[in-house]
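Presented sequentially are two complexes of chain A, the first with chain B as partner and the second with chain C.
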Partner chain A sequence: MSFNPEMVPPCTLAIGYGLGVWVAAALVVFLTAERAKHTFFSFLLFMGSFFIGIGAFFSYQQKAISFNLLPCCYFAIAPLTIRIDTLACFFLTIVALVVCALAIFSPAYLKAYKDRLHPGIYWHCIFMFMLALTLTLLSTNAICFLIFWETMSLAAMALIASDHIRQKARHAALIYMGITTISTVLIFASFLWYYRHFHSWYFADWHAAGSITFPALLLFFGLAVKAGVWPFHIWMSYAQAEAPSPVTAFMSTVMKVVGLYTFIRLLILDNNDGLVLGYIAITLGTVSIIWGSLFALLERDLKRLLSYSSVENIGIILIALGVCLVARHDKQIDLAYLALVAALFHTINHSLCKAGLFVGAGCIEAVTHTRDLAFLGGLARRMPWTAACFLANSLAITALPPFNGFASKWMVYQSLFKLTMSDAQVIDRISGLSIVGILSLVGTLSLACYTKAIGICFLGRPRSEMINQANELSHSAVVVQIFFVVICLAMGLTVPYVASLLWPACCEVLPKVEQVHNLFPVPLQTVTCIAVAITCFAVWFLFYLAKRPDTGLKKYVTWDCGYGNLPARAEETGTSFSESIARIFAPILRYRMITEIQGKDRRHFPEIIKFESITSPLLEGLIYRPSMRVILILSRAIAKLQTGSIHLYLLYVFMTLLVLIGIGIRL
Partner chain B sequence: MILDTFSILAISSAVLAILMLGTMYLRANLNFYALHTLAIAMETAWMAQKIHDEHLYWVAFFIALLKVVIIPRYLAWVIRNIDVESDSGSFIPAPVAMLTGIGMLGASYLLSVQLSSLWGDIDSRIGAMAAMSVFFTGVLLMLSRKIAIGQIIGFLVLENGIYLFALTQTHGMPLIIEMGLLLEVLVVVMIFGLVVFRIKKSFEHIDVSRLTNLRE
Partner chain C sequence: MAIFEWISFVAVVFILPPLVLGVLCKTKARLQNRIGASIFQPYFDLYKLFSKGETVSEVTSWIFRNAAAINFAVVIVVALLVPWLTFKPAFVGADLILVIYMFALTRFFTVLAALDAGSAFSGFGASREVTMAMLVEPAVIFCFASLACVARTSDLSVIFSCDNFSLSHNNALWLMAGLGLFLSSLVELSRMPVDDPTTHLELTMVHEAMILENSGPNLALVLFTHYLKMCILWGIAAQCFLRSISYFWTVGPLIQGALSLGALFCMGVIVAIIEGTLVKLRWTKLPQFIAFAVAMGLFCVLIAVMRG
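== the complex of A and B ==
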């Protein structure tokens, strides 16, 4: 079917306009290069995503349409066909929402770093990234998908390296490059396998013709590598910390969304057994949440902290997807729907909150030029809006009511409880119950982690000079953060409506049902009343605290020995905050603390007190570094083939030819 | 076994190619190459007469013109200009190389009997054997010679092998393709010649075995 504007409904055409804007923008950047204006291109980015968002939102729940975008464009064996259906529209809407907001934020941040980032390259890569990402969501066949997926990864790699003067950024880009190659290889292998089994490159044909588990596993691991699931999360803390903040926000939200979209589109379907994949997903998800929350708690770097928190949230989503797979295998369709809706809901929530948090972190980074918590502090006075929004987004991501995070995590809990109560196998039920326990532990840990982040960043006294001159980055940054908070709050307050919007998307991949009951039962009236009462009281209390009359009189406790007005150095640090928890989990974190006191009378009059706490990431030390060493040794051995002698090269060619002739004769 | 003209021409081209392995003198190599290609041209002409295809006569004529006359003369001119007479040395001594070539001939026979292609009334297996042998000889030439001219001659022989295989296994390709191939070979040789001049100018020698510095 070729592209015919009259056949396509206007809202779908809007998506096309959006893509067109981005293509045009990418070309214009190419021409302007060095003189590229941040404001202009972020406007174009905004317009494109606005069109796409509007188009996707109104195409939602419409009948799926697929058409050939460019009939002349033919990727070797597959045409560039696009399919716009409910699931794709759902994800497109999230992507567009986040990108709109980030487009408004970008110029302020980029201006702060204008001497380090090349505007032309940056914007070109952003547009390439967004185009490839959108087309990945829309592509109908494996070849298109792979091409766009790889383009997206390469653009992301270039974006991570945009501040390539610093060695750390180059290192991060290299790590990302490696990880993305592994991911692509796994996905490619799985696609080839699927092709061999189903004899078609089209995703739509990849189900119901019998179930095969191995390619599904390959695909799962490919996506897990890209999404940063334990044990493949290593790259995230590097790449996301070193990339410019808008890029980090893009990567940790919209790129994750693509990975999850692929998971839902290809793996929830009945083309695999479900049980094996479900168990693996639940296991890896559980380890991810523990790992992510623990390392986030210990982290000193604000952006790394947020990226570890992403690991945790991906874990939660993965658990929900795993429950969905297991439930589908056990033919409990209601539970499968509940879990899938929970996963989708948590995906949106995480995208929105995390984007908001990264914008906040970006503001802090741009203003203070540091991400190290040990040098931050007291920012609430200098940047009140950022502080308030960061707090609100943290509340959302730590799943406290009335924000949206609470609702989605509640649904994850519900699905786990239902799995426990169902008549599934005993092992499923036991694991469901135990994951409930782990999830609540992790919830507490992440609460502690965000308490630490906010407390150290925004409260107390400034720990460095820079903070005294700090101010809000720009109006646009504040507006964007408020936007994220408002959306989070709005979604948190209209949960039943949002949940009812989500289930049509699930119908794309799960067996059709008439209606799903009790997706998000509204709590009883008494409970609601109590919750409202508590909330009102809390709000009143906050206002009371804020409005306490300032008499100018300072009161000190009698026995604080003149330490009443403590300097910044005497304040609690992030390290000391997390020390007690770190001690409990010392074997996992490999946490060690060395205290050294020097002086004649060491006990009463110490001269020097040295304190050092060391955590060495377990996985990196035990698995990644040794395996890298082995790979390096092997590559050196292989590099010996590369002698530079033309005769030897000719010999290689000849040998290959002989082998091929041999194979040809054998066949 | 009674051999017909077809087989005799094919085998003689293979034998002439093997003889090239035996000498280090570039002029002698070029002369052998001309003779060897002449055999192939005659093979083409014989084929044209056999299957009554007029365009193969033209192909034969152009092969004779380009590969028997123009290319050897051009290479001889290059040799004169860069002032080399013979290969400075070979990785495999000439007699051993020749024996290896003969061994390859045997190997190609073993390979060719696996092919069961018999078209028309010609048993093309002898042709396939000769073609493969010529091909292997070309590879051997490229592998064993140290200076760049040796590589060019090796390439030309290899190319002849491919052509001979195509000729003996099919009815001959359309004229336009044959002409394209011939033109390509001509261009490649011209470029090779120029590159050899450049190498001589930059490195003061054309010994390929000493060009091993890898640049990234």
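== the complex of A and C ==
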């Protein structure tokens, strides 16, 4: 089927226009190179994603269309065919929404780092990344998918290294390169296996003839590596911290979305047993949420904190997907739908509020030139809008009402409850309830983590000089953050509507059943929140407005125990805030504290007090470093074979010849 | 009937919380051979604070002053949601996850308000608060979730409805849930084995340390919110205990209402006895205490799953 504009409805064409804008932009960057203007290319990025978003939103729920994008392109064994269906449109809409907003934010941030980033390369990679990402979502066959997937990864690698003058950024890019290769190898292997089993490269054919579990496992692990599921999350904290903030936001939201899309597209279908994969997903998800939230709590670097929190959220999504798989295996289609809607909903919510948080973190980074919590503080008065938006986005991501995060987490809880109440095996039911407990523990951990981030960054007294010169980065950055908050809040207050919108996307992969309309009890959140808002206003009115402010609102120093105005160093720091939790989880965090007191009479008149808290990531020390060492030793051994000496090579040739002659005589 | 319910409920919400505290303090004083203040003392304290001026640290931002109002509003609405007394006007369904996350919302703002003034002491308090919350949250949710599993709904007002006889023969489950919730409430409210509410040593306090900077009407608001939260948590534990007694299911709504009020005061007296006889645990020993609450929750889970 070739491309024929008359066949395609106008809204779907818009997606094509969007892609066209990006292709054109990529070419223009190529020509302008050094002189590339951030504002201009941000505008092109915005326009492209705007068209794609509009197209995808209006094509949602329409009949799927597939066509050859470029008939001349024939990747050796399969044509470049794209397919626009409900599920792809759903994910495209999220991607476009996030990219639109981030495009507005980018110029302000990039201008602050103009001497460190090469604009031409940066924008070229961004457009390559976005094009490849979009086409990955639209690919119909394995070959296209792999090509675009690889392009996307390479572009992402280049973007991580955009500030390559710093050694840390190069290191992060290298780690990312390694991890993405592993991911691709696993996915490649699984696709080959699928091809052998189903005799087709097309995804659509991959669920008819029987179920095979092993390639599904390979694919699962390939995607898990890429999505940053425990124990493969290591790369995230490096790559996401070192990349420029807009890139970090892209990677932690839209790139994850692609991974999840592939999971839902290929693994929820009945081409595997469901039970094995479901259990693995639930287990890894559970470990991920604990691990991610614990390490996020301990982190001092704001961007690393956010990236660990992504590990936690991926874990929640994975748990929901696991429940969906188990439910499908047990033939409880209603539960499978609920869990899948929860996973999709949480994906949107996480993308939106995490993007908002990364924008906030980017603003702080660009203004204060540090991400270390130990040097921040008191920013709420210098950057009131960023502070308020960061607070609101944190409420959303810690799943507190009235934001959307609560609704999706409610659905995850609810699907676990349903699993417990179902006729599943006792072990399933007990583990369902236990995960409810773990989720609540993790919920409080992430609450601790975000209160720490806000409290240390924005509240209290400034811990360094540069805070006093800080101001909002730009109007555009503020607008983008407000945009994210408004969307999160609006989605939180209209949950039943949003949940009903998600249903058709689930129908793509699950057996069709009649739509359940009360996925989320209608008045639950909205009414409660309105009640809270009214009461809050009444109280506020009674207590603060009715009492005239001049009757004794006195400003004074913070209570300092009679020591006189204490410096900011006496405040609670991020490290001390998380210390008591870190102690409890010391074995996992490998948390140690070393206190050294010196002086003549140490106890009462110490002269020097030295205090050091050390955490070392368990996995890196225990698994990754040793395995790296083994690989290095092995490669050194192999390298001995290839020393570059022509004599040795001649010997090899001679030996091979002898062996071949020997075999020949034998035969 | 509905109007009567609303009036009685609003009256209870505003009158009961300080009274329960008053009874608690009085009992505690008598246990220590003191005459003690009148049981109405908390009202006088609140009135005094409300009519005072307010001193605010110059470091604080908008969060500090508004957190108290937000928390107050949230807890009032939670009081309307949670069936902590048998008589309660009908409101939208009280989903248990919603209730738990509403409490989390108050915690979020309390912690932020504590960090806002940049004081070392309130920072300690905040850090301890989140630690204890993290440990105790699974216990709370296990107790509620196992009740929800047996009742096959996550709506607390259905689970705790007196007409819901599907739960009437689960005495052990109710007892365990009640114990679990009661033990966790001691942690959540920073009461005795966890924190001594009467000391004023900044280094050891939890809740008191967090609200160190609040004063005047703001402090009155914070304190009232705390009292109300206390009533809700003890009330819901008392409801569980009452339901573990078969007699409770057979009596009419009026007696049930009276019983639940009486049980609430009983909880106050029990806490007073605990506070009069126990000493505060060391901070490092706390996880072991909380483990009891979590164990109760796990028992609930086992009972619920085996039964269902």
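Everything below uses one rule, namely that the second predicted complex is superposed on the first by the 603 of 667 C-alpha atoms of A that agree within 3 Å, B and C clash if a C-alpha of one lies under 4 Å from a C-alpha of the other, contacts with A are read in each partner's own complex, and residues count from 1 in each chain.
Following the convention adopted for this analysis, contacts are C-beta pairs under 8 Å (C-beta built on N, C-alpha and C of every residue); 3 or more make two chains touch, one makes a residue touch a chain.
Remember, it's a predicted structure, so these values are computed and weren't measured experimentally.
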item: More chain A residues in contact [chain B versus chain C]; value: C
item: First, second, both or neither for A:644, with chain B first and chain C second; value: first
item: Touching partner for A:587 - first (chain B), second (chain C), both, neither; value: neither
item: Chain B versus chain C as contact partner of A:570, first or second or both or neither; value: second
item: Touching partner for A:654 - first (chain B), second (chain C), both, neither; value: first
item: Complex contact set, residues of chain C against chain A; value: 52-59, 61-63, 65-66, 69-70, 72-74, 76-77, 80-81, 92-93, 95, 97-98, 100-102, 104-105, 107-108, 111-112, 114-124, 126-128, 130-131, 133-135, 137-138, 140-142, 145-146, 148-149, 152, 154, 202, 212-213, 216-218, 221, 283-284, 287, 297, 301-302, 304-306, 308
item: Contacting residues of chain A [partner chain C, same complex]; value: 377-378, 380-381, 384, 387, 391, 395, 398-401, 406, 409-410, 413-414, 417, 420-421, 426, 429-430, 433-434, 436-438, 440-441, 443-445, 447-448, 450-451, 454-456, 458-461, 521, 523-525, 527-528, 531-536, 538-540, 543-544, 547, 551-561, 566, 568, 570-572, 576-581, 583-584
item: Sites on chain B touched by chain A in the complex; value: 91, 111, 114, 139, 142-143, 151, 208-209, 211-214
item: Chain B contact footprint on chain A (complex, rising order); value: 642-647, 650-651, 654, 661, 665
